[in-house]
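Letters A, B, C, D, E, F, G and H name the chains as they come in the text, with residue numbers starting at 1 for each one.
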Amino acid sequence: MLEDILKQVQTGSLSINEAKEKLSTYENLGFAKVDHHRKKRQGFPEVVYGEGKSKQQILAIIKAIRSKENNVLVTRISEEKAEHILEEYPEFIYNETAQILFWKQEEESVNSKGYIAIVCAGTSDLKVAEEAALTAEALGSNVRRFYDVGVAGIHRLFDHIEEIQNATVSVVVAGMEGALPSVVGGLVSHPILAVPTSVGYGANFNGLSALLTMLNSCASGISVVNIDNGFGAAYNAVLIDQLAQKGEVQQ
Amino acid sequence: MLEDILKQVQTGSLSINEAKEKLSTYENLGFAKVDHHRKKRQGFPEVVYGEGKSKQQILAIIKAIRSKENNVLVTRISEEKAEHILEEYPEFIYNETAQILFWKQEEESVNSKGYIAIVCAGTSDLKVAEEAALTAEALGSNVRRFYDVGVAGIHRLFDHIEEIQNATVSVVVAGMEGALPSVVGGLVSHPILAVPTSVGYGANFNGLSALLTMLNSCASGISVVNIDNGFGAAYNAVLIDQLAQKGEVQQ
Amino acid sequence: MLEDILKQVQTGSLSINEAKEKLSTYENLGFAKVDHHRKKRQGFPEVVYGEGKSKQQILAIIKAIRSKENNVLVTRISEEKAEHILEEYPEFIYNETAQILFWKQEEESVNSKGYIAIVCAGTSDLKVAEEAALTAEALGSNVRRFYDVGVAGIHRLFDHIEEIQNATVSVVVAGMEGALPSVVGGLVSHPILAVPTSVGYGANFNGLSALLTMLNSCASGISVVNIDNGFGAAYNAVLIDQLAQKGEVQQ
Amino acid sequence: MLEDILKQVQTGSLSINEAKEKLSTYENLGFAKVDHHRKKRQGFPEVVYGEGKSKQQILAIIKAIRSKENNVLVTRISEEKAEHILEEYPEFIYNETAQILFWKQEEESVNSKGYIAIVCAGTSDLKVAEEAALTAEALGSNVRRFYDVGVAGIHRLFDHIEEIQNATVSVVVAGMEGALPSVVGGLVSHPILAVPTSVGYGANFNGLSALLTMLNSCASGISVVNIDNGFGAAYNAVLIDQLAQKGEVQQ
Amino acid sequence: MLEDILKQVQTGSLSINEAKEKLSTYENLGFAKVDHHRKKRQGFPEVVYGEGKSKQQILAIIKAIRSKENNVLVTRISEEKAEHILEEYPEFIYNETAQILFWKQEEESVNSKGYIAIVCAGTSDLKVAEEAALTAEALGSNVRRFYDVGVAGIHRLFDHIEEIQNATVSVVVAGMEGALPSVVGGLVSHPILAVPTSVGYGANFNGLSALLTMLNSCASGISVVNIDNGFGAAYNAVLIDQLAQKGEVQQ
Amino acid sequence: MLEDILKQVQTGSLSINEAKEKLSTYENLGFAKVDHHRKKRQGFPEVVYGEGKSKQQILAIIKAIRSKENNVLVTRISEEKAEHILEEYPEFIYNETAQILFWKQEEESVNSKGYIAIVCAGTSDLKVAEEAALTAEALGSNVRRFYDVGVAGIHRLFDHIEEIQNATVSVVVAGMEGALPSVVGGLVSHPILAVPTSVGYGANFNGLSALLTMLNSCASGISVVNIDNGFGAAYNAVLIDQLAQKGEVQQ
Amino acid sequence: MLEDILKQVQTGSLSINEAKEKLSTYENLGFAKVDHHRKKRQGFPEVVYGEGKSKQQILAIIKAIRSKENNVLVTRISEEKAEHILEEYPEFIYNETAQILFWKQEEESVNSKGYIAIVCAGTSDLKVAEEAALTAEALGSNVRRFYDVGVAGIHRLFDHIEEIQNATVSVVVAGMEGALPSVVGGLVSHPILAVPTSVGYGANFNGLSALLTMLNSCASGISVVNIDNGFGAAYNAVLIDQLAQKGEVQQ
Amino acid sequence: MLEDILKQVQTGSLSINEAKEKLSTYENLGFAKVDHHRKKRQGFPEVVYGEGKSKQQILAIIKAIRSKENNVLVTRISEEKAEHILEEYPEFIYNETAQILFWKQEEESVNSKGYIAIVCAGTSDLKVAEEAALTAEALGSNVRRFYDVGVAGIHRLFDHIEEIQNATVSVVVAGMEGALPSVVGGLVSHPILAVPTSVGYGANFNGLSALLTMLNSCASGISVVNIDNGFGAAYNAVLIDQLAQKGEVQQ
């Protein structure tokens, strides 16, 4: 691309200012720079991380996105903030468990037979699992949920293991000792995104225990995201799922 | 599969003993159980982790694998142990930097146009990067290496960024502060496997610094494996690369 | 017992000096105090922890024990130190893997049908598992070993699960992510002593990862001992096994 | 059991669907899977962990348990949630200190002479000690309480030491430096379940200090559960107590 | 200075009491000692750290400073406390984002062409960046702000890199993985003060992740201050900026 | 600079290949990329970090640097590796305490009256202090050393305090509790680069104690580098010293 | 004492029950055991730690103490709880800063010329310093306070150093980097009790920074108590002060 | 003292140079500053810490001390270094267990009836205990040793408790869980210096476990020194012992 721009400058088909503008890829809101090129560069429009931003800031960012994009995804947004957005955009959908606000102007039909398995150890980890599931759906993938299948009652997992094995990729969510990804990893042959949660007490140390477990897993095919980062795992899973759908490497 | 076995038992086409044997999927060496079903279950024959095993144990395991498989991959094997194996199997290849011993009876031709980018921050991280690169090649993927492109001289990275962007998936290896995956993550649209290394000193704490950096990355599309785990990152990358090649989800 | 002694003092059947001596329960070797009352107080003669003691010190302690006891158990003793002892006591038996030296004057026949299951995740954890197994045998229990049954290939565990379920108590040894006790804990109904090992690398932090996993296990019936403490787990298991054999609470 | 099912399938006494159902051992509530087979598999009906579950969820789970079981035990349940359950089941009993809600349809008479000693260091650790004591009683064991016997005034402990020595098994609860299990461990000959509590301040680090103390105890016969996990210690103690009562290993 | 005082004592131009008073460099408020000599000794009047002090205490300290100084700077002061001060000193200015209260009797004209670059990774780090920017301005330096230029969209940084390169010194503020100072450090040739922020979640551990990243930076010219310590970074930057303006070392 | 290149491309004074080459700022040695532009970009030629590189690699990098530069600085290089270089370049100078190898073709006369104070707490910290002192001298600054002036005998520091106060900038090196920078920071009005060392034992945790002390210093004007990073502190100090000498901000 | 009791039993001057009672040294309140022998055994009546106890519990314990003792000291007691006690015992005195409630029936005149120096770094550490000062006074020692003398303005400390040097023992309280005890330790020749406080932010980690600093102090004569434990330091200081007053070792 | 010097300067009885020299309290050896005033200021001549110093450096420091002092104490000195000193000073005494080298020209007769109790938990902690014992003796105190009295066999401690109670002050040394000081602290009424040792394994973390235990002790009268710091504990104990002997506070 650099070469292209240089050539266009050389041939005069691009002025110096235009060349400089070509690299100027965002709209400056003052407190934040909205990244309209990200969809091209990274495949998705920018996702808004709602925590630590005021509802006014989130609304302004959404407006900037909406002016050029048909899809919006806001994560970690409280109900109170979401309601502020919903007054302006009543067509948006808010999921309280996952704390996600999203909108798709026109539902893209997902023709793929493939799906992402969201596997979750315990009832208390649901919030993180749903953040992953809704993110993956918002980004255009099929999702199947396998909840409450923790290792303490491993027969529960085995009831569903064939359906999990047939997924393109799995997101495995677990708190406390975080052993579930190791067990799933020994039973499937696709990539696993492991998400430690901060669920637990005592020597759990806010998810550190589950995080270390997953990083040290003796099963192959497992990679790990930050504690409670359901969004990050889903984002990775969707990238992988799309590679599988495209059937050939991207140019 | 459970249903199949039950049906065969019911119809008498499988005796109870045969049914039980069907679930007996490994050969017992006494000190270790070799997993011949793994290739079917997980797509690759078992990889031997050499650390903490004696050369006699490794040799015995290799013999068991060789009796049924055409490919062998041993990681974390010292030169001294490797030489013991090479006396028996002189056709095997040993790479000292990566501490990997491998063999493929017949080179599968890799027709795929896709490749895995192995991106490495500094000269001192080479050992881990090579473990990743050789593992990926041994498991059948194309690999391109981008070494010594750390963030302290970021123009080095930009010289190669288009070739990295065109990869199916990247393995990004970095020690010290481990910032490289974040920077690459902001520039590419495919999945990134981040590998922290134990290279550094002082408050590096044997790779903890780089590990935390990668887990907390503000860039999307990054997942993390254990410190120095070049093998694990490559294993994940190959799974993803194969999904991209197959062009459709597996059944 | 206090009341007994007071009564005997009162009735004159015990002199004051005798009374004081009754509480003086050990033999002073200068550098160590050998505890001959421990067998009565705690059910076993004193076990000698060999690490950090010179071979001369160990020998002197053994002599003091041997003068009053028929059983000797020394743990964490190197081959070089053990050979020094074996010159004096050639009838003793040394196990190099477990680094244990022991001797029983007359083999007590163990009539119990019950046994302790020693379950071990990986080949690298064998040293700790054998320390547990030999300790349990030296202290008089039946032992059955289930090795190399880690969670990454969980079908290996299931092949033996009924025999493990029938044990009185299990000692479950695992390094790396340490998930095995959680899985076993969900499948058996007897107490489990979980032993984290220091086997692993990177974010394993010398066994911290496995230790946290086991402490946070979501399965019930699991308690934990120190990292690599095979002896401690076996000691606990034998106490439980003996309670089961006695069939009634002790007086 | 697997062999039994296979045989029944073979002989036609079990249809394939029945065989599959036999392995389907729980009732699916959507947000949670109630485990009715646990009593058979593990000796007790499922215990409900109340933290992080809504009162509606707890009530639904209790209803599912009550439909097949006569005993109910809910731990870590706040007074406000408990009152919601008590409206439906006024016969249940709630203990505020221990935050436990339980019910036994018919009091099983505990004929055993044996008992579990609950030993507690300080007044501030009472909450954890009571969780242990009530859990053990709910699960059918005799319990004796020895409270406020911390090591700073060790004569307090010695006043009760003979009664503690006569227990089948002890649960020893301590916060701050957590030294009590080591002292008790040197004085008794039965197994000790040590429970560190998060009571303390400064370099206590929410119970880490007591946890490390107990894991490093130089006394034998001690195993450890998670910080504040009075339930877990009691569960283990009851398993041991029942082994002692049964007088022979289970089949 | 010691020699001067001794000489004056010797020549009688200074009485012993005067000599002692010369070393008595503060005014004692009882609960705090205001340091009027600091400006001479350290170049700035004392800055008041507002956290943990009552509004009455802050007011009393300000009065003591105002009696001898024309500039006042209070950091980490809540709006509620600031309002209490503003009632007495309505000419003071309060910035809510930065939680800074300050006042300059006469605006010193800053003639310097030099400026400090305040570079900030994300919107959530603004509070710390503004504390740095306002502190630097209050202490008499020119400041230019470069906000929301984090490494995940590194082209944003490159748009401003020449203006950053032309600064005398940079303060670089980043949370989460804290990679921004490494990238800036590779692109500029002046000193960088790196400020980790506590912004993030999970394995961020309240800023520890960013702190370790910055300490381990492979780029030269970076030094680090405490987590969230925008004031400290600015104070250092102003010292450097003044050295650059003075053009010669101080006497 | 971007604009300049674009203009030259537009006017044809620069071909596209030349423009691309302009951004190609290093020489590729295969295992490392030597950065010849760094001197222009960052003010110094590249400094070679010797640890983890073979003597052959170091020699090759030095040759590449020497082909274009007159100064060479290698840090963390063992005596054995240094001797290998000295055979080729006998004019180089090696300092064993600091483990530094350096060479300046022509001694630049340092006319500045300013100097950097290297202040060192204890004899055991000398190695780090000398790494700082020699680095600063190699990079062209005047240096004055103040060694063995730790806080336990604070009168030692006070003997030299005026000379330290007159420095442009101080590098303060301390191990154990690392309190020296706080004390110096309260006495001088110039910037302080604090270097924690790994000297100490017990709860020192390899320099963590000193590192935390320095980060939490209540004195202003202190910034911190990594544990034992004498080079990094000196590099920063030289940048500041040069700003003070130049007397005006750079363009 | 044991011998005395045995002799009295032997001679019949003490019945067995009386002998047993002699060892029964406390009054059992059910939820707590009040230790009336502590004054004899340890020199002071029992001090009540108010945190985590209800006001009813505290009142009951005070009543038990008051029935036999003339002095009462309650630490870490909130104003609301203190008011509950003051209704019953209006003669008690409550200090809100130190959160201490105390009472002495008859003021013992402290004739000693000796005093304890309470040295405190910053205004924010006052709470802990006052806990120490009031505790020492309640336990019968003279106290002199030296507040706001932190190392950042070390001349403040030097103004008072001779008066501090003349104390029998010092309690030195400091948060943030906790360097003050090291400096004082180099200037005085009596024992120093160092108290780290949790005052600070960022990498202070709730007092860990100051704690490590004090443990690693290079000055001799310093020992350390828990974070914020002003009471513990004062208790130690009083023990030392009393030894100095008594002028001879106790029998 | 400041006033005295000022007065002498004023009256001319002290020249300015003499006044300055009065504050110049050490002899500069280049690599170290020997502190001859310490004995006056701190009561003891300077103790040499041998670790990290060469034998030549130690010898030079000893010579400087010997020129003005009659006592020499070197701690943490290896046998090999000690032999180098002994060649020059054959009258010195070296203790290998404690790694201490010392010499007293004339034995001061210690008339005090008081003594320091050195209490030690296990055989492996002897090295630290002996460092404490020999230090205390070298500094002029009586010492009584109570070794191998750990809490796992608490009756051993009770055999000696009255003799420990009669000491002026106790140094209590313990590794592993470090519970011994808490138990001793509940039984004696004099100050206790607690020394954690690095003896242990697994979750001991090189003495961290024992350190935390001692800092969190629920017994009063305990203060703590750094891990393995037998010297520091003894130094404190001697200061206290001397206060007790002097019978009145120092002027």
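Here, contacts are C-beta pairs under 8 Å (C-beta built on N, C-alpha and C of every residue); 3 or more make two chains touch, one makes a residue touch a chain.
Since the structure is predicted, the reported quantities are computational estimates derived from the model, not experimental observations.
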F-G compared against C-H, more contacting pairs: F-G
Reference interface B-E: repeating pair among F-G, B-C or A-E with over half of contacts shared: F-G
Interchain centroid distance [CA atoms averaged], chain C/chain G, Å: 43
Distance from chain E to chain D - Cα centre to Cα centre, in angstrom: 55
For chain D, residues that touch 2 or more chains besides their own: 153, 187, 202-204, 208, 211, 215-216, 220, 226-227
List of chain E residues in touch with chain F within their complex: 1, 41-44, 47, 112-115, 162, 166-169, 187-191, 193, 211, 215-216, 220-227, 232-233, 235-236, 239-240, 243-251
Residue ranges of chain F in contact with chain G within the complex: 121-122, 150-154, 176-179, 182-183, 185-187, 200, 202-205, 208-210, 212-220
Chain D-facing residues of chain B, complex: 2-3, 6-7, 9-10, 12, 16, 19-20
Touching residues (chain side chain A, partner chain E) in the complex: 23-26, 31-33, 35, 38, 51-53, 57, 196, 198, 207-208, 211, 226-229
Sites on chain B touched by chain F in the complex: 123-124, 126, 147-149, 153, 155-156, 158-159, 199, 201-204
